[in-house]
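Two complexes are shown next, each including chain A; its partner changes from chain B in the first to chain C in the second.
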Partner chain A sequence: MASANPYKTYLNIWLLLMFLTFITVYAAEFDFGALNVPIALLIASVKAGVVALHFMHLKYEDSMTWIFAIYPLFLLFLLIAFSATDIFTRVAN
Partner chain B sequence: MTDHHDFDKNYLENGKGFKSWFFTVDHKRLGVMYLWAIGVFFVLAAIASFLIRFEHLSPGQTIISAQTYNVLFTLHGAVMVFLFIVPGVAASFGNFLIPLMIGARDVIFPKLNLYSFWIYCAGSLILLLSLAAPVDTGWTFYTPYSIDTGTNVILVTFGVFVLGFSSILTGINFIVSMHKLRAPGLTWDRLPLFCWAAYATSLLQVLATPVVGITLLLLIGERYFGLGFFDPAKGGDPVLFQHFFWFYSHPAVYIMILPAMGIISEVIPVFSRKPIFGYKAIAYSSLAIALISFLVWGHHMFTSGQSKLINIIFSVITFAVAVPTAIKVFNWLWTMYKGSVELSAAMLYSLAFIFLFTIGGLTGLFLGALAADVHLHDTYFVVAHMHYVMIGGTVFGLFSAIHFWYPKMWGKMFDEFKAKIAFTLIFIGFNIVFFPQFILGTQGMPRRYFNYAPEFETLHQLSTYGTWILGVGFIYMLYTLFKPVGAADSNPYRSVSLEWQMPSPPPTLNFKEIPTVTTSTYDYGTKVEQEA
Partner chain C sequence: MQIMKFIKSLAYPSEMLPPIVEEESHFDPETEHSAAKLGMWLFLATELLLFGGLFAAYAIFRAKYPVMFAEGSANLDVVLGSVNTVILIFSSWTVAVAVTAIQENKIKLVQVMLWITLICAAIFGINKYFEYSYKLSNGIGPGTDIFYSIYFAATGVHMLHVFIGMAVLGVILKRTYEGRYSKDKFTAIEIGGLYWHLVDLIWIYLFPLLYLVG
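Right, the complex of A and B next:
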C-alpha cells in the first residue's frame, strides 16, 4: 500500500529532509542558551517522524503496527522522565 | 506437501554432521542447539561458583587469590546472565515449542532465526575472549570502576552488545510468528500460556535490549575517548549509568523468569488433570509484568545517592509488580486444588519452582522497602534473594521443561525414579547453599567480599557444603538424562496441547496438514481429553 505516486512523495520527503538539514545547520549558528539541545532534538524528531511515516510506510499501516511504533517512544519518555526526576530532585549530602 | 520426502523423517534424523546442524533453519534443531549452548555455559559458570564457594570455606585466602576471586564472580555473573539465563528458556524451548504449539511448520523468519543463533555464538565468543585479561567489575559493569580498571571491559561489553542483537531478533521472530502463524481456530484466548509468556518475554527483549546496547557503547566510548557521560569531572554522572543499565536489566529479570512461568503453566494442568485455573488472569498478568517491569528499575539504586522522591516512587511501583506475579502463583495453586496430582519429576520441579520462587519473590519485597533495603543492600541477603528467583525460579523451570518435553524432544523416556533422586539432591542442596545466605545478609555479610569476619564462618561453611550436594545432584540429573530407558510414544503424559498430537520426535515439517483448533489447550477431565 502506498499513495498514488510514491516516487513523487519520496522525492518531496527527501527535499523536506534536505531543507530540515539546512535548518539544523542554520540553527546551530545561533546561541539559544538552554534551548540549544531541545531545538536540535525537535528538528531531528520531525525528520525521524517523516522518515518513519513515509519511507518506513507507517502512514499506511494498521493500528497494531502503530502501537508497536509508539510504545517504545513512551518507554523512552519514562526513561528520561524518571532519570530526570532523580537528577533534578537530588540533594547533595 | 503431504508426501514431502522430509516429512517421514523426524527432525533429529533429517541430516547428519556439523553442516546439517549449523546451517539448519529448523526451529527444533535451533532450539536444541541453544539448549546445548546454554547447558555448556551453565556448567562453566557453575564451576566458577563452586570455586567461589570453596574459597569461603574459611576466612582469608583458602585456595584462590583476591583478584582471582573478583574475576571468578564476574565471570560467574556475566556468563550466567548474558550467555545462560537471558537466552535460556526463551531461545531453547521457545524455539522448539512455539511453532509446534501454534500449529505452524516453523517460525515466520527461519533464516533470521539461524542468523540470531550465529550472532549468539559470535557474541559468546567475544565475551569469552576477554578471559585473556579477565574482567573484575562484577556483571553490572558499574562506573566509575569499569572506566578505571585495567581489565578487558571493552571486550566483555562488546560481547554483550552483540548478544543483544540475537535477543532482539529472536524476540521479533516470536512476536510476528504468534501474530501471523497461529493455526485456524487458535484464537488468542486459546493460545497456550507458554506462548503468552514467550510473547511477553519477546516484547521485553525487543524494547529493553537496545537500551543496554547503547549504554554499553557509551561505556566503551567513555573508556576509549573519555566522553564524560558518566564522569563527574566532565559534567557527567556515574549514577546515570546505573539508571540506563537497570532500565534494561530489571526487565531482563522478567526476560529470565517469564518463560519459566510459562513452563509451569503448561506442566501443572497436565499432572493435575485439570484445566488451568484463571487462564486469562495468567495470560494477562504476563503482559502486566512486561509493562510494570519497565517502571521499577530504580529499586536497584536506593543506596546509590539517587533522590529521595524517586526512591519513594520506585518503591511504590515495586510493590505493584508483585501483584501480577502473585496472581500467577495463586492460579497455579488453585489449578492443583482437588486435582488428580501426579508427582512426576517434571511436576516436582514445577512444584519446587512455586515454593522457591515464592520465597525469592517475597524476599524481594523486603528489598523493595526503602528502610529495610538500606540495611540489606549489597549483602548476602540480595545474593540469596536473586538466586531463589533465578535458580529456584528459572533453573527449576528449565529443568521441569527438560524433563517434561524430553520424550517429545528426543523420542525417548528417562528413568523417572532416578530423576526424582536427582531432584531431591538438587532441591536439598540448593536450599542448603542459599538459605544460610539470607541469614548471613541480615547479619551484615557484604556480597562480593573475598574475606569475612570469623563469626560468619559456620554459615559460610554450610553454604559451601550445600554446593557439593547441589553439584552431585546436577551430575546425577545429567547421568539420568543421558541414559534413556526406552522409546517414548507420541503422548506419554496424555497432554491435550498441540505439540503432543504428533510423533515423538516431531517430523521435520511438524504438521502434515496445518491443524484446525476447536478447543482450549487445557481441556483436562473432559471428553476432549479422553479422546486425546
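Right, the complex of A and C next:
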C-alpha cells in the first residue's frame, strides 16, 4: 500500500462519497433546466472516479490496467453517441 | 527459464520438487496475480457495455419523451433510492477495507467486513423488493411505459449483479474460514472486490438518472 494508513484514507473517501451523494440529492431539488442531467452526471462521474481510483486501486495500477479501464469508456461513448446521431438525424418517410 | 528449471530438476529431483499447494500457480504468483486482475478489468469492461445498451436506450428515449421520463421519475421513491445508494457505497467501503486487511493478514477483520458487505447487499435487495412490489401493486409494471421498461430492466439487471456479487463474496467468505487466503494469496478477494465495486459504480449512475433528474 502506498498510503501510510489506508484505513483512514478509505474512511475519508467514504465520507467524501457520502457528501457527494448528499449534494446530488440536494441539487435535484432545484431546477437548472437543461443543466439538470449534466450536473447529475458530473457529480456521478466524480464519485465513480473516486471509487475507481481509491477503492479499486486504479491509482496504484500500471498503464496496462489504465488502458483496460479507459478504453471501454470510449466504446461506451461510441455506443451512445452513434445510436443517438442515427436516431435523431433520420428523416421521416 | 522453465526449461532450465526442468533440466535442473532432473539433476536434483528432491530439491527442485515444488512445494505441494492446493491450487498451483500458472506462472510465478506475482504474474498470475496481475494477470487475473487485468482479466477482471477486461470483464468489467464487458459489463460496462452491457449496461451501456441500457444507458443508450435511456439517453435516446429521454430525449424523445421528456415528459414521460419526468412523470415516471417523479413517481419513484427518492428516499428509498438514497438509502440504497448509501448502503451500497458503504458496502463498497467495507470491501475495500477487506482487500487491504487481507494484505496485512488480518483475517478476522476481512471476515467482519465481508459479513457487513453481505448484510448491506441483503438490505439493498429487501429495499428493492419493497420498491418493486409497491410499484406492481399500484399497477405499474415493466410494460407501463418506456420509462418503466428502462427502470425495471436497468435496476433488474443491476439487482442480478448484486446477487452474483453476493454469491462471489459469500464463497470467498466461506473460504476465509477454511484458511485459504493470506497476505501472499488474496487474488480472489481482490478481484471479487473489483466486481463488487463495479456494482457500486453502475448504481452511482443509475440512481441520479432514474430517481433524481426526471
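In this section, the second predicted complex is superposed on the first by the 91 of 93 C-alpha atoms of A that agree within 3 Å, B and C clash if a C-alpha of one lies under 4 Å from a C-alpha of the other, contacts with A are read in each partner's own complex, and residues count from 1 in each chain.
Quick note on the criterion: contacts are C-beta pairs under 8 Å (C-beta built on N, C-alpha and C of every residue); 3 or more make two chains touch, one makes a residue touch a chain.
Please read these numbers as outputs of a predicted model, since none were measured by experiment.
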For A:Thr89, decide between first (touching chain B), second (touching chain C), both and neither.
first
Pick one for A:Leu42: touches chain B only (first), chain C only (second), both, or neither.
neither
Quick check for you: in the superposed arrangement, does A:Pro72 touch first (chain B), second (chain C), both or neither?
both
Taking the superposition on A as described, I'd like to know which of chain B and chain C A:Thr24 touches: first, second, both or neither.
second
Of the two partners chain B and chain C, indicate the one touching more residues belonging to chain A.
C
Which residues form the common part of the chain A surface touched by chain B and by chain C?
64, 71-72, 75, 79, 83, 87-88
Residue numbers of chain A touching chain C in their complex, please.
1, 6-7, 10-11, 13-14, 17-18, 21, 24-25, 28, 36-37, 40-41, 43-44, 47-48, 51-52, 54-57, 61-62, 64-65, 68-69, 71-73, 75-76, 79-80, 83-84, 87-88
Can you list the chain C residues touching chain A in their complex?
34, 37-38, 41-42, 44-46, 48-49, 52-53, 55-56, 59-60, 63-64, 78, 82, 85-86, 89-90, 92-93, 95-97, 99-100, 103, 193-194, 197, 200-201, 204-205, 207-209, 212-213
Any idea which chain B residues touch chain A in the complex?
179, 207, 211, 237, 239-240, 243-244, 247, 294-295, 297-298, 305-310, 313-314
Touching chain B in the complex, chain A uses residues 64, 71-72, 75, 78-79, 82-83, 85-91, 93
